[in-house]
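Please see the structure below; I have some questions.
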């Protein structure tokens, strides 16, 4: 909000300057032209930690006489609803992000006509070209969006209070984490806090832990089948549940989301916290005292070996909406997010790592951040996606519906005591997902799309190697 | 003959023109912002539509068929019923007791009424956030109090346990809305003429006897109306439930409103048609219950007049 | 003897009520205390409500930086507009529905009764479609119209019930004096309906002040028109861990309604009593 005030003040000052000067030489000074009626670009996203970085870009965009930016910070939990309603009333902002977007969601939105293509954005450095793909960033050959973040990161680093857990090297194995949590539990402090109320976050954390146990991910690329009911997923869920069994899980876990959970972990209520790389950045901004005594350990595995995490291709981060009155200006503004300076600035915000991972080495970042980004380069590998090989899959994706209960809810249910044995429920999830995929495939076929279940089989994929396609 | 009748209808409409002019603002407003949306929702319920773009394909009653086979829909139906069965009698009954106590003039009465009414005027979102803290298993004052006094030896996870969460929500809802029901009851009590009590006192009735022999019978029709209002309010607990639990854990507090909301807005790929079908189905069910209640009210009124 | 017993009963009643109200209002005491504490202190355990030091700047932050002064003005304007419009249209239609038989009456009553059970969340998409077609989004007038037109059946039925109970002689004598339909209503009937007007005003005030979904969707394009509940959400969104600022903002948004009820409660109870008497 203070940003907005600043802009209002800025333009007011500029208007005063302009009105005085306009009598003399209207239009001679570019500053005056800018002061009069600069178009406004609305920008909505959920990346509050990036505001200082983006503010500089917005300010210089305004100063160069192109457009003012009015920013609105959105709450991830309700953002999609706001976007839907805004779209219906023709008030989508010029620039927006889709929170936690899946390729299926992006494809559906593109089909519904939400986005406008970017004009004059050059996105052709090698590491940029590598993530530019039809259905993810490009539609019909036109660039619509691009990721600012690297796909190489995961959700499940173990963050710890190094005054309580003095030996971080024990956190590499599941048993080590469990023991550390048990030992840290005393008096008013618990071992671990999990943000159970935030279903999607728990889902992502569990998937990463299952991969650390050896799973290929939610889909077994060798067979194309869903893998939710595999032993790896069951083991990972049991690993999480073991903290509850040991009494080392913070009892408030079930009632907190990631933000509240982090705040309470940072206040010393728990010793350990699973979180993504942004934790460094958020701690620096909100809990600097905690950052000073924070240690981090890579994603733990059952046996202590190095984990192998597979990440599918990623969709673009920011989109220009089809309802924008100034799509060229918005594109121009977004092209500022592809430069080397931007990647360094992004690294320094310590959120998800920048698309150009090497920028982290050149940036001034906290040691914890550097440490986990290094870990990502060793543990995270690129996985395939059927849409990458067969663009007709877009039609299937746009027809697939959510299956309930999803993985996030199943995790919540397991902790809340809604059922005793998670295995049959995970099996049910796998089965319903297969059925839903089958239904969507058939529906897409009815419309003439050439798709089949075999599109999900990637015989040439090897675990532990980047999938090149 | 026919023409004559037609003329008489036109003539009647013309004589009543002021009536229709008086109705105009309401018809325009309610028509636009309540009736039209409901009709539109009925139409949406026949579509396969993700809500992202233009209305989707017509699929007839498929959404209703899916609904019928969706265990989570019946789960939310059941949760709403459980909520009703516990929350409504609790709220109506407690409010009556409080109203009887608060009815009258004595020191601080205004302050007490305002105190009881305070949660009513509070935005549900604020209540949700505050109550999550109050019920917190480790830092919350309620657990602190019951642990200190030794009623329990382990913190109680009011909102985090699948078997407790719905009942905790009932408690918070009753707390939040009790004040308004107290006011309804106080209003009802004030309609009882003084002389009825005086007559009872002459007959030698004590306070308890007066309550059961005089107050309660007079209050019977109000009971039905107040219960009806409360039932309708209890089917609409969206704001509170969303900020309190969001329907979790594991759907244990997912009432119909939250089910509808989840499918309409919070899914990755929403199903607006499906959500509409659920809402229409449920609204029809509530209308039925309400109609039965109204029928009973009018019956009892008629019976009392006899 | 009787006097002493009465006193005992009154004293007991006051003591019991005082205890109850204290427990009842504890969450608000917590809220106010949190609004004066520092971030970390809120999460410290126990029942202690007294902050280590009073941090008034939480309020400054909510009021100034988060724009709550502006939200307050918007909420007040929207609420007042809605109350006036609701009283106006529901008194008019309640009057004719309560006192006259005419073609279509049963239809209107039936539809109104049915709207009592419409779930709010669902109607929002058609409302957005319609309002944006009319260009009503991004305006306070649009919010007022939408709030006045959704779920006001109870107000209309209250007026109808009250007007029905008024004796016929009043209307007849007014007509003998030469008053037409219009004047009979405005100069004789409406002034008599004071208790219902008070009730409807208070009920509408409470709903409008706390309404969330409609102000939210009508102000996407114009953050400067947001109301307090919507502003609360924005505050939570952009200050993720500012719990004390949030508590301060919540306290600010609560205060006007509490004051309003404290002074209006007499009219409120009498109004409902007057309305249900019929």
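Order of writing sets the chain letters: A, B and C. Residues in each chain are counted from 1.
What we mean here is this: contacts are C-beta pairs under 8 Å (C-beta built on N, C-alpha and C of every residue); 3 or more make two chains touch, one makes a residue touch a chain.
Predicted model only: the values in this text are computed from it and were never measured.
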| item | value |
| --- | --- |
| Interface with more contacting C-beta pairs, comparing A-B to B-C | B-C |
| Chain of greatest Cα-centre distance to subunit B | A |
| Euclidean distance of C-alpha centroids - subunit A vs subunit B, Å | 39 |
| Centre-of-Cα separation between subunit C and subunit B, whole angstrom | 16 |
| Per-residue multi-chain contacts in subunit C, two or more chains | 43, 45, 124-125, 129, 233 |
| Residues of subunit A engaged with two or more neighbouring chains | 188, 269 |
| In subunit B, residues with contacts to at least two other chains | 51, 138-139 |
| Sites on subunit C touched by subunit B in the complex | 10, 13-14, 16-18, 20-21, 24-28, 30-31, 43-47, 85, 88-90, 92-93, 95-97, 100, 102-103, 108, 111-127, 129-130, 145-146, 148-154, 156, 181-182, 185, 206, 209-210, 212, 228-229, 232-233, 246, 250, 253-254, 257-258, 260-262, 265, 268-273, 275-277 |
| Subunit A residues within the subunit C interface of the complex | 1-2, 4, 42, 48, 70, 72-75, 78, 82, 85-86, 88-91, 188, 259, 262-264, 267, 269, 286 |
| Of subunit B, residues touching subunit C in the complex | 9, 12-13, 16, 18-20, 22-23, 25-38, 40-41, 44, 51, 101-102, 106-108, 110-127, 129-131, 133-134, 138-139, 141, 144-145, 175, 183-184, 186-188, 190-191, 222, 225, 229, 232, 235-236, 238-239, 256-257, 260-261, 264, 272, 275-276, 279, 282-283, 286-287, 290, 294 |
| Of subunit B, residues touching subunit A in the complex | 50-54, 72, 132, 135-139, 155, 157, 159-163, 165, 246, 248-252, 265-271 |
| Residues of subunit C defined as touching subunit A within the complex | 39-40, 43, 45, 65-67, 124-125, 128-129, 131-132, 137-138, 216-217, 220-221, 223, 233-234, 236-238, 240-241, 243 |
